[in-house]
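These notes concern the structure reproduced below.
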Amino acid sequence: MNKGHNAIIEQFRHITENPHEYAKSLQGKGRLVAGYMCTHVPEEILYGAGIIPVRILSAHVSQAMTRSYIHETYCSYSHDCAYQGLQNHYDYLDLIVHSSSCIHMAEAYNVWVRFAGFQQKSFLMTFPHVLYTKPARGFMVESYGELKQFIEKFVKKSISDDDIERAIKVYNHTRRLLKRLWEFLRRDNPPITGLEVATVTLAAQVMEKQECNQMLEELIQGLEAEPGKESSGVRLMVTGSSVDDLRVFDLIEHLNYSTNLIFIESCTAARYFWYEVPEDRPDKLEAIAEGSIGRIPCPAKDTVPGTGEKKRLRFIQQFIQDFKPDGVILVYQRFCSPQAMDILAVKPILNMLGIPWTELELDTTVPITQFGTQLEALVEIIKRVEP
Amino acid sequence: MSEHASIDEQLDWTKAKVIVAGVDSGAVSSKAVILLDGKPYASSYVRTRTPKESALSAINAALGNTSLKLENIHYLVATGRGRTQVPFAHETITEIACGAAGAVHIWGPSVRTVLDIGGESCKVIHCTEKGRATSFLWNDKCAAGIGRYMETFADLVQKEVTEIGNIALQSDQFPKLSDFCAVYAQSEALDFIRSKVPVEQIIAAYHYAMAKRISILVGRAGLKEDFVIIGGLAKNPGIMHWLESILNVSRLAPQPEWDPALITALGAALFADAFYKRKQSDTYHVQEDQQKRIHHPGSY
Amino acid sequence: MSYTLTSWSDFKNYQSTCYRNYAYAPEGLRCIGSIWSPLAPLKGLGDDVYIIGGEPHAASKAGTFPEEAREDIAASEIAGLGFHTCSYLKLFVAEVVRDKIGITDGTLKEGYPKPDLIWTTNLCNLHSKWYQEVSRRLGGIPLYPIDVIGGGNAEKDPKIVNYVCDQMEEGIGWLERVTGREFSDELFIKAARNEIKVLVLWGNICALNMHAPAPLDERRLIALFPPAMVDRTTDECVHLYEALFKEVQHMVEIGQSVVPDQRYRIVYFGLAHTYGHPEMARILRDAGAEIVASVYTFGTAGNFRGLVNGNWSWKPIDPAWVDELDLSTRRDALCALAKIVLGWPTWQGVRSYWALELMGRAMVKEFQADGLLLAPTRTCETDFRNGYIAMQRIFKNEIPTMEYDTETVDVRKMDLPGAQRKTELFVHLMEAHKKGGA
Amino acid sequence: MKEEKILAGLDAGHVTTKAIIIKGSEILGYCMVPTGFDVAAAAQTALNDALNKAGMSHGELGGIAATGIFRDLTQAPPLNVTQAVPDYAADARGALFLNKNSRTVIDMGGNIQKAIRYDQNGNFLDVVQNDKCADGLGIFYTTMAKALGLSEQELSELALQSTENLSIAVQCALSAESDAIDLLCQGRDMADVADAVARFIVERVADMCTYMSLTKEIVVAGGLAKSQALIKHLLGLLNQDVSVLNLPEYVGAIGAVMSYGGGK
């Protein structure tokens, strides 16, 4: 792989390792920066007002002290995000915005507002939990309207339809570029590793999108011209809850057997960008609502009224068809109930498709050698290793 | 469990064509098995302090005071959680594959489900009649350390860990302890002192609770007969009794000459034997693929 | 001398009758779902609609059959449910997995009576997933989840009230199409008025505990509120609570109580009822410590004045107001129902920590509490267990506050030894507080 | 002035039973034995050994005060226990006796942990106790020492030599043990793993303490208090001054005597 896009990937990696430094550099250029934890926050409205939305990620350092703020049976992702607030790592943010998410992340947000000094610079947008009804769509548009009014008061200038349309186009462009980046992994010998794509995707969630788009375009052009690597190994796909611990993906691609991480269906990867907001629509908030309803649903908001079906399973089966994994890795946050109830329904599907799987239980700190053993055992099953 | 090693004096290693070994560097204990032309020659069981150190002491204990040296071993496969810390291993295979291979080698082709209750983890492995693993389920974090905490519990009741299994069999009437995790069971067991529950009943209750938790994992993974149990905890009669009665399935009888804790190490030795023979006949292409040493992921 | 309630057995029979109707009714519609949803719309389909609510069913199954409940929970974990998912959910799904249902009259019926439809809500992000699992395992039962959003002051927010009304309106269309029945507005409006009446009456009964001595204690309230949970849309249910309200008013007039020795009045915030465990109940009773107010029994089926210009009040709503409610059209009934459901303290406290704090302060003041008992539930998504952590900080310096570590129906996760130590300590702290006059 | 009475204090805990002999405010002898699921026997043995160390006989005792979670089980004959005191009351009295201006004691025991705030006379004002997932931290510390082939003191000394800050799961002893073993299997340095174990235990205790307003002069009691590694982390996490009482595991037993009129 030529030095060109290695350098770009390195830039993305640097941003994932120093998100604060990057965000402060944006503020240095006079930009306002707003943090969000749940991806149902419509970033286009913030971006349209000139505010740069950045995702609040966890740091994977043990934080028992958050047990006196958040009950211990909440997921480690909510504890870690709360801990970042309590440790004042994100004090520089001008604003945090949250949409009514699963109750664990709602509590992480509450800790920031009650105990981490974000009382005056925070906004909670009520958002539906059952998305696939006509009333839900109307409720969403009303909620977006309330957020828009708040932001207009916050930046003391109105947000025109053109502002939002421009933001929609920039964000759709990022989504298309990220999709093309992930499409490389469909090849038998992709020119880029799954870990690198995951790193770029994670960085994209904390970056100013126009700058991110330029880097993505340059990277993709470089990769187009790049011949694939030599023989590719076992193709592994990850599906499950938010994973912003790149060590897990690093481990998946550095086992004792050659493996390729070819897809990650998670809210810190595919679920973040695998959709588009319809462009050039008269009602911009209506368009954002339509885009949001078309997303891969988060397990906490995935019930199809009538059948009670989990719509996310349709997407998972489509990704399996397109990316052709040899094995699937189910990741779930310890104590996450919605995810545990989804995994219950994914396993029979994988068994019927004849695709071996294993479960990794994520926590603040992850037992790397145990995970390594589980993953290598999965690969040994796929490669039919026997004495 | 106390450390032990044994050697089959009848066999003379100098006459053997193929000398292979398997080292199972487990969390709580490290085991080694040496085969001469496929026949068990020597084995050892030592406590693990750190995997690197204990793997070496395990193989040395197996070599014992014979003139056989580490360098005479043609092929050595390491397995277990600490397998990447065994520098003298030619290759590593996970304890899932080794457990299945070892179990089928000992109990024969009818085995379909292998329950491996080690010191730190508890795994259910499904396999084919040829000893190839087809699926597995690892314990969740709340069921970790059942083996280790059995030893802690033995210390609390001031008895040997090899003793409490038999004591547990003496009573089948006892109040129920929480079977969600070893810490809950231990803390509730301590509180039974308040209501003067006799120690034998507390020990039986603790064994029932741990057996119940393991049975939930086995039920969750699905149990297809024939069913065998390997790993250190298989030597605890209390756990075995309650596990079989809760699952309402009896396991194949344990083989007297094989300590269940050594089966995974035996599996590793069988893999070493097969790989060495294939390497000789050079027909095996996957070879170079598995030679890649493990790389240590980023800093923490 | 402690007073004994005359209408006690009527409550028990009403609940068992509802369950027996569901389990053995030869025809009619069986419907399961969460009792946190508005139930009246189901009754628009006719008088032969038999309901089982997930939460009261799981709670009564665990109460009536403790050993069965333990096996149920193990069976659900074997079936693959998450080890940390809600234990009500595990128990409820386990009855489907083991194909038998426990009834509050102490009988166990082999063969799980398959529901015709599921009418539920999405209070925690698990509720609808709970019934997704039941629907999936029973071959696909039609399921309609109402997203009630919740949060402080929700019943006064037209956007949320309309959202819930619109969903119920759409839900009624769905009910007609899925059951092939005509929806009778007349039946629905009568059921809606009954539902609102029962919830307001329950609020009135609970508010009477502000008196000293408090006529009822939490152990009686927990046994008296299931009918309001299982099926609060019938005339009999209204009569039950009207009779109880009269009797409790009479008790207040003559200064009688089911637990006369109330040296310490305790306010209880928590779902799990570890205090009901014999050991804990004995310690509290011996010290004359009685739970006179509880956010769970008050807030799950009761309506109160609630948030009035920035402050919460547990004072009741006049039952007569319900009779004068203008419910002439379907939309009027839907909106009145939506406001009542959104007004429940439990709905408001789930998503708004500030509302929960106000409720805590108001309950401690209005019920003159000597101690605050907090019981966060280990696996319940809705439970305000984070609210308790903050409340402990606020109230610890004002009145003795104790936090249990407990669970709804999974006895394995209840810290009974710890609860015993903490109950003894709680009583000592209240004694010291009262003596010290601090 | 009447000759001061010689009193015995018994602290029957989940894991260990402690006995101490005190005359006036002078400690004559003490002994600790594992409870081993037989409280009466353990109390008997501990008391006899303490008396031997004090060079005294049973008859010379003016009274026995018992505390600890199993205090009522020590009241079986032949021990004629004259008074039983709740453990939090005893801890407060004992801590105050050993350090006059202390107002908060953190007791890190074998199975349960608690923190007690008290006034200048040793009357407890507020108490917090651990939840079920944090049970057995003392037992866990012993288990980990044994797993690493060390004594508890050696584990603490090793932890102090740690150079790298590693994290292990904070939920309970089980997940901490499983993560600590995992770190060892990753080839991590044992000192760093020992330090991570120490920090986990203290994080679990420190976060419990934040429920209560911690007044100045915090002292630490209980068996775990003897490990400097734990105390170093406790200082860091509470960022307040903390001092270890001498004879930390006997604070309860001493407190039992003090609340029975001893120490005058």
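Going in written order, the chains are labelled A, B, C and D, and every chain counts its residues from 1.
Operating definition for what follows: contacts are C-beta pairs under 8 Å (C-beta built on N, C-alpha and C of every residue); 3 or more make two chains touch, one makes a residue touch a chain.
It should be emphasised that the depicted structure is a prediction, and the values quoted were computed from it without experimental measurement.
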Query raised in the report: Among the chain pairs here, which one is joined by the most contacts?
Result: A-C
Query raised in the report: Of all the other chains, whose mean CA position lies farthest from subunit A?
Result: D
Query raised in the report: How many angstrom lie between the CA centroids of subunit C and subunit D, rounded to a whole number?
Result: 42
Query - Separation of subunit B from subunit C, taking each centre as the mean of its C-alpha atoms, in whole Å - result: 48
Query raised in the report: Taking each chain's centre as the mean position of its Cα atoms, how many Å separate subunit A from subunit C?
Result: 36
Query raised in the report: For subunit B, which residues are shared contacts with two or more other chains?
Result: 81-82, 84, 121, 140-142, 184, 187, 190-191, 194, 300
Query raised in the report: Which residues belonging to subunit C are in contact with no fewer than two other chains?
Result: 80, 83, 389, 413
Query raised in the report: Got the subunit D residues that touch at least 2 other chains?
Result: 69, 131-133, 135, 167, 169, 171, 175, 178, 182, 185-186, 211
Query raised in the report: How would one label the connectivity among the chains shown: line, ring, star, complete, or other?
Result: complete
Report summary line: Note: in the complex, subunit C contacts subunit A through residues 80-86, 118, 122, 124-126, 128-133, 135-136, 140-147, 149, 151, 159-160, 163, 166-167, 170, 174, 178, 350-351, 353, 376, 378-379, 381-382, 385-386, 388-390
Query - Contact set on subunit A toward subunit C in their complex - result: 68-71, 73-74, 100, 102-103, 106-107, 110, 114, 126, 128-130, 133-136, 138-139, 142, 299-303, 305-310, 332, 334-345, 347
Query raised in the report: What residues on subunit D touch subunit B, complex-wise?
Result: 14-15, 34-39, 69-70, 73, 111, 132-133, 135-136, 139, 142-143, 146-149, 166-167, 169, 171-175, 177-178, 181-182, 184-187, 190
Query raised in the report: Which residues of subunit B touch subunit D in the complex?
Result: 25, 27-28, 47, 49-52, 81-82, 84-85, 120-121, 141-142, 144-145, 148-149, 151-152, 155-158, 181-184, 186-187, 190-191, 193-194, 196, 199, 202, 296, 300
Query raised in the report: If you look only at subunit D, which of its residues touch subunit A in the complex?
Result: 131, 133, 167-171, 175, 178-179, 182, 185-186, 196, 199-200, 203-204, 206-208, 210-211, 237
